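Two complexes are shown next, each including chain A; its partner changes from chain B in the first to chain C in the second.
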Partner chain A sequence: MNSDTDLPRAAQPDFAALKARITLGNAVTLLAVLVLAALALATPGFLSMPAIRSLVTTVSFTGCVAIGMTFITLSGNLMSFSLGASLSAATLIFVATLGAGLWPAILAAVLFCAALNALQGWIVGYFRANPIIVSMASFAIITGVATAVTGGRGLYILTNVAAGLKGNLGPIPGPFAAFAICMLIAQLILSRTALGRRIVLTGTNPRAMLAMGAEPWKAVVWAYALAGLFTGVAAVLMAARYGSGDLQHGIGMEYSAIAAVLVGGTAIEGGRGSFLRTFLGALFIAVLQSVLVLRGFSTEWQRFGMGAVVLLVILLQRK
Partner chain B sequence: MSAVNDKLAQSQTRNPLLSMRGIGKTYGEVRALRDVSLTLAAGEIRAICGENGAGKSTLVKALTGIVAPDEGEVWLDGKQVHFTVPKDAQAHGINLVSQELSICPDLSVLDNIWLGALSLPFFHRKAELRARAADTLKRLGAGHITLDGLAGRLSTGERQLIEIARMLVRDTRILILDEPTATLSDKEIHVLMSALKSLRAHGTSILYITHRLGEVFELCDHATVMRGGTVVADQAVADLTRDRLIELMLGRVLGHMFPEHHIAEGATFFAINRLNVPGAAHDVGLSLTEGQIMCLTGQLGCGADEVIRAVAGLVSHASGRITLDGEDIPLGRPEVARRRGVRFVSGDRAEEGVFIDRPAWENLVAPRFVERSGARLVHNRALRNEAAALADRSTLARHRLPVRTGDLSGGNQQKLAFGRNIGDGAAKLILMIEPTRGIDVGARAEIYRLMRDFCERGCAILMASSDFAEVLGIADVVATMFRGEVVKTYKTGHLDMTRLIADVTHPEEEDA
Partner chain C sequence: MPVSLLHSATFRPYILMVVLIAILGKLGGERVVCSRTLYSVLQQFSLLGPVALALGLTMMIRHFDLSVVGTVTLAGCIAVLAGAQSPILGLALAALAGLSAGAVQGTLIVRLRLSSIAVTLGGMLTLIGVAYLLTGNREVAYANRDIARVVDSALFGPFSLRFVIAAGVFVLAGAVIGRTRLGPQLYSVGSDPKAAMVAGVPTGAIVFAVFALSGLICAIAGALLSFSLAAASPSALSNILVPAAAAAIIGGVSIGGGRGTPVGIAGGVLLLCCLQSGLTAIGVAPFLQDVATGCVLLLVAVMDGAELSRRFEDLKRVVVPVRPKISGSSV
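Up next, the complex of A and B:
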């Protein structure tokens, strides 16, 4: 309508500005992507259908957890080490409640996972507890209780009610379709809802939120609840895919998710980031894992590779 | 004046201790400095004045090796010098006390004084360090500070002196002070002024960057006035008047700094009854009517800030009764206070006033994200339009809206912090602490205008300030405070500077 109320758009990109954007960090990132792509293409079997399918599935699982992790990071609470354990517990809940039907089981698993993390968010936000310590304690508690209840054994899906979750949607694998939808929803929440803006503002400056008469702890609880929710989705997808609920499912998951968030370039100090970044990060991590597996590296060396990448990214994020 | 004196003055200007010639610095497309020249004689105090963005900070950075100038020369003792890192400047006896103090609260005063000194040998005699530190403190008129006490226990003013002492033990010949009085009370400023005068008497040269014009006239010998990255005047302070200095800084004549007072009386709009903030304020009772600006004033630690914070709901252990427009405002509940029309504009802009990492426009509409239910979709286009309209009302240039808030001047940040409250008409009372701290003269007048306009719409402002000129200029009602208690309240026109200072320094002598 009133075009004069519009903000001036950014000026034409000029050469100086472009040059300023090519920093050491950007150059190294570009180099890393190119090296990885070259490595992947040179790896025999990488471009085979089974390998790609497996890659896409891995991206979907870690991706959903990484979406959750992104909410926690954006809210200014660094990261959670208990999302993997939450995921494991949620796969158990899913399989255990499958008798009541598919949708009730999905709902139970996702809500359980959301509530479990919302509780952590309450401890972190309301009592201003250190998020890392809280997540480590939660990891121990969740794993401990779940092991005690199940005796360490997995639960198996004996019917085929959940078979629909591992099929394809046209040419796209089901889990990936679910992940893509999750990403869209997460981005919508982040950039287009009042809650999403509250989470980001709390992440950049919780004291300013408090001074404004907002309640920063509530935004933190919601960020954790959303983290749990998307992790719950990953749990349902994984349980369906592997036909079981098992404490093993979530092992190392939070680590891949943290790596994805960081590699994607979401600021660890909170307040800056997007889900597209997280997706690209998850893709990078999954390709790296896939290359390492196909080239016959042992699990130990895969972990080494991931650790090295996270360290490198932290160093590059330094302003 | 005798010819001998004239000659002396001439030789001094010809052979100054420091001379900067034709300094230029460009950041990207912004020319921060253009052909800036400046001299400093031994034992001279030179003021560098100018609005925010005039280039004062860049000039200091160029002198201390924090940034390398693109053009120009720096001469020291008749020899050309090149400083590429701050260590070089320190080695030549040039030291900067920046606006943000770098005192380590958990170290002793002694350790803080010697912190970072290059000349400190690996094996040193502690007794000698103690003696020199004690000596330095005495020279600053701060002999009462004990060397073994923790620095964290000191007041802001004392910390400032420790910071200066730190520079002096480094054999400083040129001391640079960047807005040293921004956070000090009047009494502390007085102590600082005499400390600096005594340094001058001992031959130390000082570059004194300030907004506060009074200090220029009290302390400085010469003034370099900067505007838009260039030097617009270089004069002896004796040849300047206050108005002329303001005109030089602004490049225009300043209209009235303060808007008209609100004289009309009405029914009580806002009242504080028996407010107690443990350890800070005791039995405070105040009331104001629609349209009024009330100012709590006193020295640092008088409790004025804590009263404001308590009303905002940010103090959890306060007690008392607060009513606004017929409604009770519960204490310790900032979200309830907000819903009932209370808004808080913090004096600590970077920490809790604005979101410095977010763009300016988002700061202006941030309340929308808080008021609305979380699931409500936000329309970024509509919000940007709203931000543009708010920017106009807050006298903030629209082209600044996409800029990261941390890159804006203090004055523009304050316009955001204030402007975000005037959009929806829901605000009834705005609380402010030190509304123009660290803000240049031009933006100050605009902020006072905004405050007055807000009150004219049937609202009120309660503020705390230790800038007495501001208190007398803007407030319709002044409440003087001393050690947590209200000394007296005055209507505008019934209070002058002498009375105010008497109230806030030694009120018990008033009746005697």
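Up next, the complex of A and C:
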């Protein structure tokens, strides 16, 4: 008897909570997703297998970098301008070490990229140096050194060693499978480990970290190292896909990545966000781009559309 | 006086520049330190100077305008496209576009209380998108080649019209900040926005004005650059943000806000341009100049770091362990 009378009472707060969650931002987000989905489905050729395959393959490269960027954003360090340059450098390392075998090359590229960014994280965290300036400086140094070493030329994969990375996992293209796995791993790190919670706490309130007796800079170093790690994965996938290591691979990648992070709804000031959001943000941008291409819009309209969408999403993020 | 000069962040770049010129003169002699190098330094200053000033002004109020790249690019495209008949019209439209882009972003930052990095990131992507849209994703040539000669030929000595305009912007900014009430207000917003608001400083208006000005200054620099090159392209100028930020920071602007002067920024720009022109004249490859710029920027970032002194103390404790003195006499 008692449970009957309790039920509506219990349901009432839930309804209120639901009502509270329907804010302007959420409504617009839902509307945008629905409109885009309708547009995509109404676009001839969107649902064809080749279109979808190419869509999910290209989104994987930006997506993995965006996962890395999310760690940096969550840790309260806004964004890194050097992830694109790190990616380019890591593709070069991958191709250069491919002679030693596939796995050593993957390990070398990913660890190199992680170490490169961990160093930046140490400078940012240990000295509380400005992340924007440090990553800009790193961009210039990485690009300069890489050009000096390679003479500006790309390296090409001449053997068949890396062909396995281009293959499929069942019906899913390999890069997309890797992207999804990366997203899951990153999300597990964030929500299931002490490290993940420390990164978020550093982004929310570094003083609370200090009060807790933990050094915020260690969490920052880890956030940057993980950012480098996932960027390294993107580098391996890209190098295998295009058969080369090249400084051109990463140009502009940091902007696409931060766009995916922000469109997904991770807060730029840090502390709030998730990797599922970044995953969906990257997909949203990729679907938008694909619809624009299939509907015959030129490159310039795609560029403008991307910029406008990112700006709109940022405006909707206000508290 | 000499001691205070050495310690002043405003004059530091000028002192470094004298040292740099001395070193370059030692290395390259007459071939490097000559009027041609001076002209090339001043021409570089004409673009980098205003952009660094615009970025530096936003850094002084504890914001960061990433959209400078977008504004310079878009203004260059507008000036070339709209200025086919009359260069003045092109310049005016470009300036108007830059001013309104800055004003819109300033309004969004103030009214919606959004992070300036986020807004200007979106702004930069949108502005470059508009530039792509206007030019149709191609390089646009400017038919009126006379104007290139007008803006670049020497007015007197090594000074071109473009440099005179850039220098004029600096003088104006320096005079306004040094001589009017706006200067202290600007610094107070940068050091402590809440305290500034309590003290009656119109913080919102100041932030809005600085972003609008940043857009205007960048637009003029971009338009004049396009005239000088007699061409504009939506993808040309992506690598100006790093040297502009470097110049502003070397010139004594703190990313934490509240510090820096236009004179200092001009010094930072001149130092960077001297370094680049000098290294080019000696025959150092451009990518090594990138590395040099990056290293300087990294060094300054570490020196500006909020916890540098604390870490220095940590280091001292590791190197020279402090042991509590145990001596019977004092107890």
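Assume the second predicted complex is superposed on the first by the 299 of 319 C-alpha atoms of A that agree within 3 Å, B and C clash if a C-alpha of one lies under 4 Å from a C-alpha of the other, contacts with A are read in each partner's own complex, and residues count from 1 in each chain.
The rule is short, and it goes like this: a residue touches a chain if its C-beta (ideal position, glycine included) is under 8 Å from a C-beta of that chain, and two chains touch if they have at least 3 such contacts.
Predicted, not measured: the structure shown is a model, and the values here were computed from it.
In the superposition on chain A, A:192 contacts chain B only, with no contact to chain C. Once the two complexes are overlaid on the shared chain, A:301 sits against chain C while remaining clear of chain B. Contacts of A:137 after superposition: chain C is touched, whereas chain B is not reached. Here chain B and chain C are compared by how many residues of chain A each touches, and C touches more.
When the two structures are aligned on the shared chain, A:156 is found in touch with neither chain B nor chain C. Shared-chain residue A:145: touches chain C; no touch with chain B.
Chain A contributes residues 78-79, 123, 126-130, 132-134, 136-141, 143-145, 147-148, 152, 252, 255, 258-259, 262, 268-269, 298-301, 303-308, 310-315, 317-319 to its touches with chain C in the complex.
Taken together, the chain A residues at the contact with chain B in this complex read 2, 5-8, 10, 16, 20, 191-195, 197-198, 200-201, 204-205, 207-215, 222, 271-272.
Touching chain A in their complex are the following residues of chain B: 28-29, 312-314, 334-335, 337-339, 342-344, 346, 351-358, 361-362, 366-370, 372-378, 380, 384-385, 387-389, 398-399, 401-402.
Contact residues of chain C toward chain A in the complex are 64, 108, 112-115, 117-119, 121-130, 132-133, 135-137, 234, 238, 241-242, 245-246, 249, 255-256, 285, 287-291, 293-295, 297-298, 300-302, 304-308, 311.
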